[in-house]
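As written, the chains take the letters A, B, C, D and E, and residue 1 is the first residue of each chain.
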């Protein structure tokens, strides 16, 4: 997993039908790179989050294979060491 | 997911049979790197899009395992913050 | 797989239900980049570990598809050559 | 997907049994990085090709799970814009 | 796939039970980055090898889902062109 900080939110009215309804948050990683992750936890801007990527992100959605390759799976209690 | 801007389109007459018919768009990411994504939404050049990658992109195609590892899943309503 | 050194630990009280209980360790790779891996082995800070990534990490958890894309699968006995 | 130019070919007499017979081409991407892709289309050196990666590349091979994580799926008719 | 040169070997006495017995070789890619791959072919230090990554590496192991995301699938007969 990677961790990052929520820096924004996106809306996409024009979308594929299989994309689940829910928040699409932009997250900035420590490296400075950014990704957009589905957020099932109601995270706020500035929050430090843990993100899983790839097919394991899609597997979170039980009913169908959602086209989601990045999922926020937790909000970090503490920043950890050295970062 | 990652976001990027549509900058071109590719045609491949010589192709594997399992590649679905449809638009193959070149997208430039914020980092400057580029990828080619299948577009089921009819996006235009210059449009800001959301792309999912890997096996979850292929899973969008129900009938068979399409050899597609990048799929446009939405067109962004707003550019979000700070980018 | 990649190898790295354990440099910290994270806690996430606010988390998705499907994230298994267990240690989430921050690991620094030789390249300087960092990732967060699930640790089923009880590794300590400073330990050199071997990490597998992607859906094969999630497959370690038998009962359900855990949203884990990085797993510590071993602790290295020797640093190998040249590094 | 990514696009690149065929720059060479590899032979591997010593190989795992599950690796399909066929051409293994070295492809240079626009970024300068290189990868080796299985070629079912008979591409020639210098040809611009489209490559899919990961498990969707392996899924092209119907009879078994081939250990192929990069597959040439098309040859580009035109170079597209701006590259 | 990517190619690289075998530069060392690792041992991990402390390991998850599902990690198959066999050689774990460190391989240096042309880019200078390194990864650790499972070797079913008995490769030697200095040998040029072909590596597949991700879930297709794990699929090589028939009996269970091994936590292996990098597998040596061949030893290159010739270095190819231009490298």
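In this text, a residue touches a chain if its C-beta (ideal position, glycine included) is under 8 Å from a C-beta of that chain, and two chains touch if they have at least 3 such contacts.
Computed from a prediction, not measured in an experiment: that's the story for all the values here.
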{"item": "Each chain counted as touching chain C and chain E at once", "value": "none"}
{"item": "Intercentroid distance (Cα basis), chain C paired with chain A, Å", "value": "19"}
{"item": "Inter-centroid spacing, chain E versus chain B (mean Cα positions, whole Å)", "value": "31"}
{"item": "Multi-chain contact sites of chain A, meaning residues that touch two or more partners", "value": "54-55, 57"}
{"item": "Chains listed in ring sequence, where chain B comes first and chain D follows it", "value": "B, D, E, C, A"}
{"item": "Residues of chain A that touch chain C when the two form their complex", "value": "1-3, 30-31, 40-41, 50, 52-57, 59-60, 71, 73-78, 80-83"}
{"item": "Complex contact set, residues of chain D against chain E", "value": "7-16, 18-19, 24, 26, 33-37, 45, 54-55, 57-58, 65-70"}
